[in-house]
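A single structure is presented below for examination.
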């Protein structure tokens, strides 16, 4: 039993090592010539005007939330779609229920007007 | 309907108007430009389109050239205003024609003619901190241009 | 830092966000700086800054003889160089009331209309690319444009800035087999224009991005002295080639495409129709071209009599006008270039208020401006 | 300053028999990778930009040399193709864009105006006489007004040779 978890741990370790390795090698090899103008924000060639930490419209947050819901939705769909043939009919019905709940969520957001910009 | 007929009609209402013999342009005194623009813009001629506005530096005075066009009677007329070099002010026509906004900013930028109560009279082609008016005949080039030719 | 609160909905206020759609931007068609003020996605204000390509053409003109200034007119509207040459050369000829042979007039019409087709191709290609059809229309349009460029290469040996028209005629006569090539091109281009219509015109996404966006009313168009396809898209049937014919345009049958409500889709539609009309003109011009002298011997110094002239011709982007004041010497005393894109762009900040950011790019692409002639 | 010396283990690699070969081999691999994917910055100023787009289009196809990806922001670019006349007002923007590009960066001056102001050299008050006058080091000059797309492709090949020949160091 424990051994199965070892595989997951090994897989996790390898994932982290792979990403960290790429970052470290590129950090080592790339030339670093820091410069004040280079670190300034890029604004199409003009100098920066106005701050970026401003209180922008709240509607962006709403749209980001709706995106996160359906992104997680896809996250669950992919492994299910890959193993659908072995899982059989029951898994299919369960996933349908899951999708219907999400579609209800979308319909609610749509009717409340969260999707179109005011 | 020729330019000279328009000139006769304007002559009736604004007596100081004269016609330049070489170019047939209608020379108008500076302070009456608003009245004449309103007259031209009236329904009968409907010169509702200022096609081009430019200036000519004649050393002792600057000639402003207004070219109007009317779709209704399909005629193009040229109006000229002579401004003495020391007092370069004239009324702005932005409330008659929206296109004069940029035309006048360009003439101000290149010749230095100030247009009174213009929405935002500032340089349009040159950087805002540019010194001098480039298209004047007596304009001397800025020094960094000479320095650049190493 | 002044904070102007933009919208105060029930419980949360949001500030105005100002971004630079600056001089270096893929979809500003050159170096144009738009200072956009946004409330969320909706544009509240737009300040247009131009002058990033100001090359002081009018100052140069005062120190060049009349023939020396012709290559500079190529660099004004560098996508339709032949039409600029044509307008400048016609203005100088009118100043010197000089007559030009019929063959030269026919050659000028053929070349100007071919260049109009090339310019409209670029306008449609970059406009479709800005809207989101990323590379396909642009590569199609450039493939057709290369065919026109080959014809120009054959005629005057250059790809973009031709310096082909001369005061009193043209630089070289048309090569012998050029009319077969042009006839083949016309047949080829007609089928391609229908392909573009199939690809773009009734495409749902294209309609969603262009229908009823950036509507330019008739009165605003006239008051801003907009000219060219943008004016015709607003419903005013005005084209210098028909209403004030110059050269030999009055000998040809072609009609002026206009649309009604002047939105972004109409401006695109007028350009595609105009492309077809230009092909019709070229066809008739090729058929009716007379024999005769057209080439001008180089080396003559022109000294026009003192006087002024203002002449306009129908450029692909609008009415290009040259106001030349000559004082009898070899160089013009003053030369003003009335660029069509200059006033076409002036209306932009008014069209853009209250529009979403994505439509800013769509409206700018449909106005088809070009910074070379705006900044002169 | 060569980056290789900064790697902690690099002294160790030199002592190993054949260590130099490993370093030299990796240097040429980096140079080959760098030279065959020079991403240009979309930076069309004037007429030369139309010829640059034509070079990017299907007939001349700059993609065969790996630099068909015209990036809009300087952060993701390796080469800045200055295509057109630099006016005084645009001068600071060009300098700022060059400064904002990450380090292995190169500059191609496309057309006479970018080399020396071209036909706008005399009697102008608002044209900077070439990219060098702005203080930007230029790697490849491509004369022509505007240069044909084949010239741009040849200039790109010259730049690739230059990238391959230079010692692997932060430029």
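The chains carry the letters A, B, C and D, assigned in the order they are written, with residues numbered from 1 in each.
Operating definition for what follows: a residue touches a chain if its C-beta (ideal position, glycine included) is under 8 Å from a C-beta of that chain, and two chains touch if they have at least 3 such contacts.
These figures come from a predicted structure and were not determined experimentally.
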item	value
Comparison of A-D and B-C by number of C-beta pairs in contact, larger one	B-C
Rounded Å distance between subunit A and subunit B, as computed from the means of their C-alpha atoms	59
Centre-of-Cα separation between subunit D and subunit A, whole angstrom	35
Averaged-CA centre spacing for the pair subunit C and subunit B, given as whole angstrom	25
Centre-to-centre distance between subunit D and subunit B (centres being mean Cα positions), rounded to whole Å	46
Numbers and ranges of subunit B residues touching at least 2 other chains	125-127, 134
Sites on subunit D at which at least two other chains make contact	89, 93, 97, 124-126
Of all residues in subunit C, the ones touching two or more other chains	22-25, 51, 54, 56, 59, 375
Touch-based graph of the chains, sorted into line, ring, star, complete or other	other
Residues of subunit C touching subunit B in the complex	50-51, 54, 56, 58-59, 220, 222-225, 236, 238, 243-244, 306-308, 310, 312, 319, 321, 323, 325, 333-334, 336, 338, 342-343, 346-347, 350, 375-376
Residues of subunit D that touch subunit A when the two form their complex	3, 6-7, 30, 73-75, 93-94, 96-97, 99-104, 169-171
Complex contacts: residues of subunit D adjacent to subunit C	41-47, 49-51, 53-54, 57-59, 70, 72, 84-85, 87, 89-90, 93, 97, 119-120, 122-127, 145-146, 148
Parts of subunit A lying in touch with subunit C, wherever the complex brings them together	43-46, 49-51, 54-60, 117
Sites on subunit B touched by subunit D in the complex	125-127, 134, 139, 141-142, 144-145, 148-150
